[in-house]
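Okay, so chain A shows up in both of these, paired with chain B first and chain C after.
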Partner chain A sequence: METQTIAAKRDEIATPARRAFPYHVLEKPGDNLVDRFLEAFAWVLEYTDYKPLLDSYCRSTAKCNRCAVACPILLASGDPRDIPCYRTNLLLDTYRRYFTMGGWVKARFTTPFELTEELLYEMGDVFYRCTVCRRCTRSCPLGFDHGLITRLGRYLLSLVGIVPKALQVSVQEQLEGETHNTSKVSRAGLLDVLSFLSEEMEESLGVKLDFPTDETDRDYVFFCAVSDYLMEPDTLMGNAAVLYAAGDWDRWTIGLCNYDGINYGLFYSDWHLEQIIKRLVAEVDRLKGRSVLIGECGHASRAAHDFIPTFMGQRAPPVRNFMEYTLDCLRAGKISLDPDVVTERVTYHDPCNLARSGWIVDQPREILRSFCRDYVDMTPKGADNYCCGGGGGLVSIDELHDFRMEIAGKVKAEQIARTGADIVVAPCANCKKQLKELVEHYEIPCTVVGLHDLVLRAIEIPGGKSPVERRAEAALFAI
Partner chain B sequence: MEKVQLGGKDIEIDEDGFIQDPDAWDESVARDLAKTEGVDDMTDEHWKVVNYLREYYLEYNMAPMIRKVCKTTGFKLKEIYDLFPSGPAKGACKVAGLPKPTGCV
Partner chain C sequence: MTIDRWIEFAKGPLFAVTFMVMVLGLGRQVLLQFYFLGVKKGRRLRNVHWKQVARETSSWVVPVRHMEPGTGLFSVASYLMHVGVLLVPLFLVDHIALWNAFLGLHLPAIGEGTADALTLLTISCAILLLVMRLLRSRHRLVSRPADYLLLMAVLLPFLSGYLASHPSVNPCPWNVMMLTHLLSAELLFVLMPFTKLAHVVLFFFDRISVVHWQLRPGAGDRVAEALYRKEVGAR
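Now for the complex of A and B:
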């Protein structure tokens, strides 16, 4: 092999052809990257509402770095590029220089800030080192939403072809593919999964239930993260058990044309966010459903809850997360949970997309406290929780696995270990996957489950086996 | 996409080593894919999992639910991880010639 001098090596790495992102991209970004990025920026400013926001942020940009103490990634990495203000300023500097009068004038008299390909590559890196958990937003004295800036940055990058392949191919399948969902779960496959779950429930709960599919005129149209149909049988059976026990079995359905609540548009592209939302509502309309019921998934819940009204206006169907529904059933006495079957120590992980805004914080705790004997909270919790380390789509990007373990999830892992819990409840497909990998990586002796996995263990099933009886059987046939 | 020699054939794989054309799969391709997963010797137990994944994929065009793999093959989840260290979705499915899982899997 030829020996290279260090200088030659450095030159080689610095050539545009060799530059790389920490994730796979479908195609290498082409030429004139800077010009294309500015063109995309101008386009977004013209057709969206970001301009007043950026104007306001530009006027008040503080560099007080209070956000620095809030970011779990920065706490673990110590890398100054992870300071939320630093990241936000990459985009604000660009905006100021190229899209404001002040920046234009300043550039005539001083050495101007200049957007370079190097800076775009840096954005491509740092905007995907952020999990968009928005914890920093709560500590910013000026109320900067750094998560929103990360999203805008990712959106602009995606318009010049810089977007992780894992996110892009999933969205392509959802919008253009045959299956219309991110995990390519075929319709025949879904029906097979549902009949398998039906058999499982008959065996374990002692009642025969057929999952309602494509039924019209129902109160709830159910969308979970479609990956649950491959990975999370207990969560789904827990959901089904609540619907059955509450007497609502003939009030819900799963649509067969669209059964995926996932919306990666929330992570990198407003345009895709809107298309996916419209697809979801079209399915509810097709079935003449009256509301949307989202399974255990943080970002799917937030995308539907916050953005169906944005994009559908008056035609927006109401949206509920499944935990809200379960709590209503519990409070109304429609279901009862046996307090004697879950004896392990249980803690609850707040998915950022549910808790940061304060939307779903107390509801799951009320459910868990009602039947878990030994429930403990993490510190901090609720709206101040720490991200699992896989948010913002990072969990789907395999090549970021080491980053997610060693840096993004480190603070969370320490937090979980401190609770001494045997069971971590994480009602989100994203968080679940990340936390399962995390507790294995840090060898924390606990299991990670969904909230309805535990509900499934404790719920009284009318005409079925009792929770205590089921627990005895489960111990015999543990998988 | 890169092309590599698997089972004596030139086969296209993605960045993570999943084959791109499911029809190019045969048993000798599976043996070579297994080596990339740190499985040097495909035992009957490995084949039991791989064959089931393959059959299911040909029928439903997707991987089966993990619980169903356990139930059908009789292996516990931990045993599947012992057989394929990177797990059923990333390891066993790769050896069975399925495409790389997408979404939150």
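Now for the complex of A and C:
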């Protein structure tokens, strides 16, 4: 990652003229940008359901600026271009002028608003300064969903070729590439990782487990952000430990044709969103699985949980996040967590995609409180939390690193520092990456882990080593 | 025609017509929303958590928990203005006869003192909002001319109504002020369905943005196809 950032900087120096976008795009935005944008807009209005949304937003916006105090980006940058309502109006004005009767009439009598290439460039900039965290929605008396508009703006821009290369390349690999996943983890590579994990677990937990792959007729088909296989072994081992300790080892499987829960379509494109969802469900169908179990990833969970029913209707398999499953096991007494192992101060970061809708707020807290001695909450929390600053796909775009650190994540960093926590739990691949960079950047003395990383430390393994024993071993190892 | 005849006209046929425009216009907005929900989204509505939508919407009726630092003055002024705007026109003694004559409604009246206080509150809040919108750069940036004009349009009937009923502070003849009051109120009726004032009914629908996340299956495909077809045709 580091090298790419440097490459990006070199690129800046090489082209003294200000780049149109703060991120790399795959193709050069060609000629007739405005016309092509309007045409794409027209087709989108024709075939999708966004028109009523735009109509009612155009009609009822109060322009009260309440959303402005809610947005962490604006709080940190103070740049008026980051006012949610201002950004949204770029798109609404375009819609008003070119696609409504009123706009047409008005254009006959006054100097009309005109969509220019510069405005499109500005959209390309500001729509990727919003992390689609939707915190502002809860502050708007009319419930305006700026996240929805940002996403629509990005979708329209992507139709004329303006889309961050980082997102596009990943999605392309996922849909058309050989490995069919965003991190290019081949099937052999995955099997390697799994056998490595089972060796690790044998050594540390004292039980020999083979990860079930491509088993049919199981209750849970497991998907995580594929990058977890490369970067988050502890989270995965924590997941596996819960499944084993709860006696559910024969009830789950990892599919070998599709093992990536990531869905960047959620961030910028309806088409990609739907295709990726369909591929995921196809894998579950192939394995005759009965439900989808999503690992620790906010956007993957929301994409599956919210959009499988949307696109699949009656045929939608049920979707659960792993934390819901773990809590059920805990409540049913199927697993027990040792309250003496985790003694550090722990706090919990709510991933926007899980918490904003109120879906997963209390579950992880109940798990953590059950075994962490010193648990503290951030304020605000839950559905009112602040975004980590890397939401909406921003975390994958290396060129936006400085923006993410200095602006998007600033409020979050202050919030974390205030808790005085030693461990920040963030059950999301995106949040984890952003927060790790953030605590390093602001030199906050704490570590960022997944929730199951902690569970792994505290869980009692039937027939294996006890948590206290494991802690002693780990301490020895550390010396 | 004398001013008094004009007043008669504004109280009679003009009132009936403008009121109808408002009712039909707002009704159309509501029907459009239901059409969209029922026909367009149809079965996908089952995926929406309606209870939460209802809870969120109703939490704004008395938005205490939404008071955040930084929004204080504007929010309070705006809330109080809305209280006045909703209560005074409906329950003022002088209006009740009007509702009775046209709609057969028997509404309870609020005391004159309360009504006066509410009216003054509304007027001062509206002026305060206008001033804040004019002076604060962040507000100016997101405001369009309509945002200022509509606020003034709301202010006018309250101001003229108050002056008309308080001869001691009224600088013009009573009937001129009364006519202003009537016409400005009727202007509001007409504006309501066609401007952002429509939030009087849309308020209850806007919070369903969760519904809009229920994208239409296959739509992305169709858009991509349409654009691709054109690209191929151009070659």
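Convention: the second predicted complex is superposed on the first by the 458 of 479 C-alpha atoms of A that agree within 3 Å, B and C clash if a C-alpha of one lies under 4 Å from a C-alpha of the other, contacts with A are read in each partner's own complex, and residues count from 1 in each chain.
Methods note: a contact is a pair of C-beta atoms (placed from the backbone, for glycine too) under 8 Å apart; a residue touches a chain by one contact, two chains touch by 3 or more.
Owing to the predicted nature of the structure, the values given are computational and were not obtained by experimental measurement.
Engineer: Once chain A from each complex is brought into register, does chain C clash with chain B or fit beside it?
Structural biologist: Partners fit side by side after overlay.
Engineer: What is the contact status of A:Trp43 with respect to chain B (first) and chain C (second): first, second, both, or neither?
Structural biologist: Second partner only.
Engineer: Who does A:Gly103 touch here: chain B (first), chain C (second), both, or neither?
Structural biologist: neither
Engineer: When the two structures are overlaid on chain A, which partner does A:Gly161 contact: first (chain B), second (chain C), both, or neither?
Structural biologist: The answer is neither, since A:Gly161 touches no partner chain.
Engineer: Could you look at A:Pro112 and tell me whether it touches chain B, chain C, both or neither (first, second, both, neither)?
Structural biologist: Touch status of A:Pro112: no partner.
Engineer: Which angle, to the nearest 10 degrees, do you get at the Cα centre of chain A between the Cα centres of chain B and chain C?
Structural biologist: 150
Engineer: Who does A:Pro22 touch here: chain B (first), chain C (second), both, or neither?
Structural biologist: neither
Engineer: Of the two partner chains, chain B (first) and chain C (second), which one does A:Ser357 touch, if any: first, second, both, or neither?
Structural biologist: Second partner only.
Engineer: More residues of chain A are touched by which chain, chain B or chain C?
Structural biologist: After superposing on chain A, more of chain A is contacted by C.
Engineer: Smallest separation in Å between any Cα of chain B and any Cα of chain C in the superposed model?
Structural biologist: 22
Engineer: Touching residues of chain B toward chain A in the complex: what are they?
Structural biologist: So the residues of chain B in touch with chain A come to 15-16, 59-68, 70-71, 76-77, 89-90, 99, 101-105.
Engineer: Please give the residue numbers of chain A that touch chain C in the complex, ascending.
Structural biologist: 39-40, 43-44, 46-50, 52-53, 55-57, 59-66, 68-70, 80, 83, 85-86, 89, 137-139, 141-145, 148, 159, 269-275, 306-307, 309-311, 313, 357-358
Engineer: Under the stated contact criterion, what part of chain A meets chain B in this complex?
Structural biologist: 24, 165-166, 169-170, 173, 179, 181-186, 188-189, 192-193, 196, 200, 225-227, 229-231, 233, 260, 262, 297, 395-396, 398-399, 429-430, 433, 478-479
Engineer: Could you pull out which chain C residues touch chain A in their complex?
Structural biologist: Interface residues on the chain C side: 29, 32-33, 36, 40-41, 43-44, 46-47, 49, 52, 56-57, 60, 63, 66, 68-71, 74-75, 78, 133, 136-139, 141-144, 147, 195-196, 198-199, 202-203, 205-210, 212-224, 226-227, 230.
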